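Given below, in the form of C-alpha cells, are the structures.
Shared between the two complexes below is chain A, which pairs with chain B and chain C, respectively.
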Partner chain A sequence: MSLFGSRPNTWIMAGVGALACAVAPLNPVWLDSVILTGILALISLSAGLSFGQAGILSMAQGAFAAIGAYATAVCSTRFGLPAWAGLALAIALPSALAWGLARMVTRMPELAVALATLALATLLEIVARNWDAVTGGYVGIAGIPPVEGFSVGWRFNILVWVFVLLAVLAYENLMRSAHGRALNIVRHDRTRAMADGIAVAPLLSAMLATSGAMAGAGGWLYAHYITYMSPGSLDTHASISALLMAVVGGAGYILGPVLGTFLLNLLGKLLPAQEAQGLFYGGALILILLVAPAGLLGWLQALADRRTARRARATSNAAAPAAPAGPAAQAGREADNPARAAEPAR
Partner chain B sequence: MSESKLVARDVRMAFGGVVALDRAGVEVHPGRVSGLIGRNGSGKSTLFNCLTGFLKPTAGTIELDGRDITGHAPHEVMRAGIARTFQTPRIDFQTTAREAVLCGLFPRVRHGFLSSLLGLPHALAEERAMQREADAVVERMRMDDWAALQVNKLSMGRVRSVEVARAIAADARYLLLDEPAAGIGRDEMRVLADEIRSLAERGIGVLLVEHNFSLIRMLCEDVTVLDTGAVIFKGTPDEARRDERVMQLYLGTAAAGEAA
Partner chain C sequence: MLEYAFRGLLNGTVYALLALPMTLFFTTAATVDFAVGAYALLAAAVATAIPGPVGVLAGLASALAASSVMAVVYVLLKRTSEGGIRVALASFGLSLAIASIVLMVWGTKPFVRQTFMTMLEFGGLRVNPQGLVNVAVSVALVGATWLVLQRTQLGRMMRAAAVNAQGAELAAIPVIGVQCGTLLAGGLLGGTAGLLILHSSGMDFTASLGLTFIGFAAAIIFGIHSPLRCLAGGLAIGVIEALSAGYTSGMVTSMLPSAFMLVVLLSGQLRAGRYSGDRP
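Coming up: the complex of A and B.
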C-alpha cells in the first residue's frame, strides 16, 4: 500500500507494460505476440469489469470490439478520416449499445443475461456478414491504414500498452470509489443494493458502457494493427476467450484479466498447432475452476493469507498472550505480500 | 399536512387472487419506537415491503411527511430517508464491519460515475470525506473495537448492529427493522434495545416488526397488531396485553415472552 500509493494495480501495470515495450521489439515474433496480447488484454479487462465486479456475464464483449473495429475501418477506408477520428466512434458506438443493452438485460438472472448477450452478438455478426454496402459482407474490409505516427511495430506496441494502462487506471479509480463498491454490492445482492439507496439499472448501464468503451478501443487497435476486418475477426469466440482469460487470471481482481491473457495467449503460442488451442483453453479453464475458482490471483492471495495467518499465530503464541489477531494479521499482510497489491479495492 | 411522520394508509396488496393486506395501516413518528406485530402470514412483511418501496401496493397510499411516495422505487424511498434492515442479514460476509458501514453511505455520493472513473479531484475529495464519515459512524455506534473484523467473525447480535449502522449511516430519518431479535441471545438483545432507544432519542422514527413481544414491550410506545391482512388493534403494548383478541392470537408467543 505504502510502496505503491493508492493505485498499486496501475503502478504494476505501468511496470509490466514498460517491460513489454522494452523486451518485445528484440524479436519480431515476440513483438507480434505482445501487441496481440495487449489488445486482447484490453478486451479481457472489459469482461473482467462486467463479470468480475458487477456479475454481468456478457458474451458480447467481442461484438463490442468488432463494432469499434468496423467503425474505424469504415471511417478510414471509405471516408479517409484519420484513425483518431475513428477512435471517437470506436469508443462511442459500442458504449452506447452497451448502455442500452444493460437497460434491457439487468433485470434478467445471470444465465439469461449470458444468453441474451450471446444472441445480440450473433445478431451483430449476421448483420456484419450481410450488410455488404457498409461492412463488405463476408469479404470484409481490407487496407485499413495504420495509426498515423504508430505504423512501426515497436511504436504501435507502446500505443497498445498505453491504452491498457489507461484502462487499468480508470478501472482502479472506479473500484476505489463508492461506485465501485456499489457494483460489488450489486454483484453480491441486488436487494441489498436497493436498500443501500443504489439505483441498480443506471449503475449497471454506466458500468457496461465503460466496459463497451474498453472493448471498442481494443477493436480500434485490432483493426489498425491487422489492417483487415471481417465478420470472423472478433466473433463470439473472441468474447468467450476474453471471458476465459479474465476468469483464469482472476475476474474479481483488476489485473486478473491481464495475467490471464498473458498466460493463455503467450503459452498458447508455444503449442505446436493452432488446433490444439481449444484443448489448451478448455483444459486451463477446467483446471482453474477445480483448483482456484477465484482465478490465479485469488489462489495466490489465499496462499499468502494462509501464510500470514500462520505467522500471526506463531507470533501471538510466542509473544503476548493476548495479541489482537485481526489488526496485526492485516498489517502483516499489507507489508509482506506483493500479491495483495493486485487485490481489487473493495 | 406537513407534520413529520411516515404513514401507510388503507393499504391493500393482492398477489393475484390472494389478498395479503386489506385496509392495513401504520404510523411512524420521529423520535418514537412503534411496533408492528402479527402471526406468520398476517401481512407484517408485506406492509413492511410496501413502506420501503420493495412492493407497490394495489391500493392505498404511503406518505412521508405529507408527501405521497406510493410506488417509488426502493432506492428512492431510501434516499428520501427511510432505511430498512433485513430479517436474514443481507451482507457480504467477506467484508469488514467498517466496509459494510461505508456501503451504507452511498446515498451521500454527489459525484457521477464518470468522475469516479476519471478520478477527478472532487470525486476523490468526496471519497475521503466518506471514509471519515464511516469512521464517525463506527465511533458513534460504538463499533470501534471490532469494526476492522470480517463480518463472518462477528456474533449475530453484532451483525444486526452492523446492519443498523449501515442503514442509518446516510442520515435516515426513519428506520424500519424487520425482526431484529431473530437469532440473537438475550444479552445481545438488550444491547440492541439500547441501540434502538438511543436512535429514537436522536430523533429517528423506528418501526419494529417483531415476533418477540418482550422486545416490543421494552421499546415501543405504541403497537399495531395485524391479522390476516387487517389491523385488529392499535394502542400501547400494555393495552395490547390486556386485549383479549390480541392475546388469543398471541397466546403461545406472548406466554413465552412473559416467561423470558
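Coming up: the complex of A and C.
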C-alpha cells in the first residue's frame, strides 16, 4: 500500500499509460486503436465523474466533446490559431455550457436529467448539422492541423495518455478533497447534505462543469488526431457509448471508465462486423447491470472483500483452534461485514 | 395551411400510439422504456421481410418478443436494486442491440411499403387512405387502453400500482406482474405504431431513438398521466411538426421533439421528490 502512496489510482493509471505508450507503437493498427481508446477513455472518465460521483446521468458528454472539437477546428482552420489556443477554448466552452445546464437540471430527478441532457445533445447535433457557416454543416470541417510537435503517431499517443493521466490525477485529488467528501454525502442523501451546510446545486454544477471540461479536452484530442470533424463524429451515440463504458467498468470508481473503455473498445475490434457493435455494447450493458450493478471494478472489489473476510476467518480459526464453536461463529458473522472483519485488532 | 394541419393530425395519431407505452410504463413503474422506438423499428423490419398479413402478425410478434426480453431484464433488475435509472439504462442497451440486429440483417435500406395507390379527395384535401387507417387504429387503441384503465379490474390494479406500489402489494396486487404486463403491452403498441409508420412514411435503421423521443415528447407535453392526454400530445406534436415542415426549414422541424421535451422538463414536469423517491 505504501508503494502506491495516497494516490493509488493515479499510479495504476501511470503504469497502464506507460505500458500503452511502450507497446502500441510496435504496430500501426494497435497504435491507432490505443490512441482512440485513450481519447474515448477521457470522454468516458467525464461521464463517470458526472454519473458515478455527482449522480447526474448526463447523455451530453459526446456533445461536450463535439463542442470542444468544433471549437478547436474553427480556431485552427478559420483563424490559423495554434492548437494550444484551441485547447483553452475547447475546455472553456463545454464547461461553461455544462455549468449552465447543471444549474437548470440539478433540481430534477435523475430520470428527467437524463432525458433533458439527451434532448440537449440532440439539439446541439442538429445545430451542428445545419449551421453551415461555422460547422460546415453535413460536410464538416476537414484539414484540421495536428498539434505542433505531436504529429507523429507515437508522440501523439503519449500526449493522449498524459491527458488521461492528468484527468485521473485531478479526479482523484478532487475526490480526496473536501469537495469530494461533500459530493459523497450529496449522493448518499441530498437532504442531509443540505442540513450539513453543503451548497448542493453549485457543487453539482461545478462537477458537471469539470466533467464538461474533460470531455472538451477529449474532443480537442479527437479533432487534432482525426484532422476532420463532422456532426456524425461525436454524436449522441458517442455520448451513449461513453456512459455505457463508464457503467460497464464501474462508474463509481475512478478507474472504472478507463477499464470499461479498454474492454469494450478493444474487444469491439474483434467483432466480425462493425454492424454488430451495438449488439455487443447493448448486450454488455444489460449483462453488467444484471450481474454486477456496481460495474466490473465493483464486482472485483466484492470478490477481494470476500477473500479478505475468508482469510480473516481462517486466521481467527487458526488462532483459537481449541475453542468451541463460539469464535468461529463470531468470525462468520464478521465475514458479513468485511470492513470489520479486516480489522487487525481482533 | 389546412392541408398541413390535417396531415399533421394524421401523423399525430401514430405519435400518440408511441406515447401510450411511455405513459403506461412511467405511471406504473416510474421509469422509462427507451426501447419503444426499437420495438417499432423491429416490427417494421420483420413485416417488410414477410409479405402479406402474415408479415403484420410476425412484426407484432417480434415486437412482443423484444418487449418480453425487456420484461425479463426488468424483473431481474428489480431483484438487485430499486433504482429506476438502471431500468432506463438497460432499455437503452436493448434499444442499441435491436437497432444493431436490424442493421445486420436488413442493412441500411429504408423500410417503406405503400398499400394504397390512389388518393382520396375531400373538397380539395388530398389524403392517403392509409392515414385514415392510422387514425382509426390509433384512436381505437387509445380508447381501448383508456377503457381498460378506467373500467376493468386490471385497470384498477394498474392504477393502484401506479399510485402506491407498496400499498398495492399489501393489497395482494402483483405489482411486478402488472409492470411486466405494461411492458409487453408497450411492445405491442410500439410494434403497431411501427407497422403504421411502415405503411405511411417509412423509416430506416436509425429511427429507433428518434421514435422514442417523439413518443416521450408527446407523452409529457400535456402531463404524463392519462392516455387521452397522450392522444392530445401526439396530435399537437404532429400538427406543429407538419406546420413547421411547411413554413420553416427542415432544421426547425427536426429540432421540435427534443426542444419540446427540454422545455417541458425544464418547466418542472416530473418534479423532484414526487417520483424519484427522494425525501420531500
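The definition used in the following text is that the second predicted complex is superposed on the first by the 318 of 346 C-alpha atoms of A that agree within 3 Å, B and C clash if a C-alpha of one lies under 4 Å from a C-alpha of the other, contacts with A are read in each partner's own complex, and residues count from 1 in each chain.
Criterion: a contact is a pair of C-beta atoms (placed from the backbone, for glycine too) under 8 Å apart; a residue touches a chain by one contact, two chains touch by 3 or more.
If you're wondering where the values come from, they're calculated on a predicted model, not measured in any experiment.
J.: Per the contact definition in the header, classify A:A170: touching chain B only (first), chain C only (second), both, or neither.
T.: Touch status of A:A170: first partner only.
J.: Would you check which partner chain A:T191 touches, where first means chain B only, second means chain C only, and both and neither mean what they say?
T.: both
J.: Let me test your reading of the model: by the given contact rule, A:P293 touches which partner, first (chain B), second (chain C), both or neither?
T.: second
J.: Let me test your reading of the model: by the given contact rule, A:A199 touches which partner, first (chain B), second (chain C), both or neither?
T.: A:A199: touches chain B, not chain C.
J.: One more residue to check, A:W161. First (chain B), second (chain C), both or neither?
T.: Neither partner.
J.: Check the contacts made with chain A and report whether chain B or chain C touches more of its residues.
T.: Touching more residues of chain A than the other partner does is C.
J.: Let me test your reading of the model: by the given contact rule, A:T210 touches which partner, first (chain B), second (chain C), both or neither?
T.: first
J.: Does chain B (first) or chain C (second) touch A:G180, or do both, or does neither?
T.: first
J.: Can you pull the chain A residues that chain B and chain C both touch?
T.: Shared contact residues on chain A: 189, 191.
J.: Mind pulling up the chain A residues that touch chain B in the complex?
T.: Checking each residue of chain A against chain B gives 169-170, 173-174, 176-182, 184-185, 188-189, 191-200, 203, 206-207, 210, 326-327, 330, 346.
J.: What part of chain C is in contact with chain A in the complex they form?
T.: Against chain A, chain C makes touches at 31-32, 73, 76-77, 80-81, 84-86, 88-90, 92-101, 103-104, 209, 213, 216, 249-251, 254-255, 258-259, 261-262, 265-266, 269-276, 278-279.
J.: Could you list, by residue number, the parts of chain B that touch chain A in their complex?
T.: 52-54, 73-76, 78-79, 83-84, 86, 90-92, 95, 99, 102-107, 109, 113-114, 116-119, 123, 126-127, 130, 146, 148-149, 153, 166-167, 170
J.: Under the touch definition given earlier, write down the residues of chain A that touch chain C in their complex.
T.: 57, 104-105, 107-112, 114-116, 118-120, 122-123, 126-127, 129-130, 189-191, 236, 240, 243-244, 247, 273, 275-286, 289-290, 293
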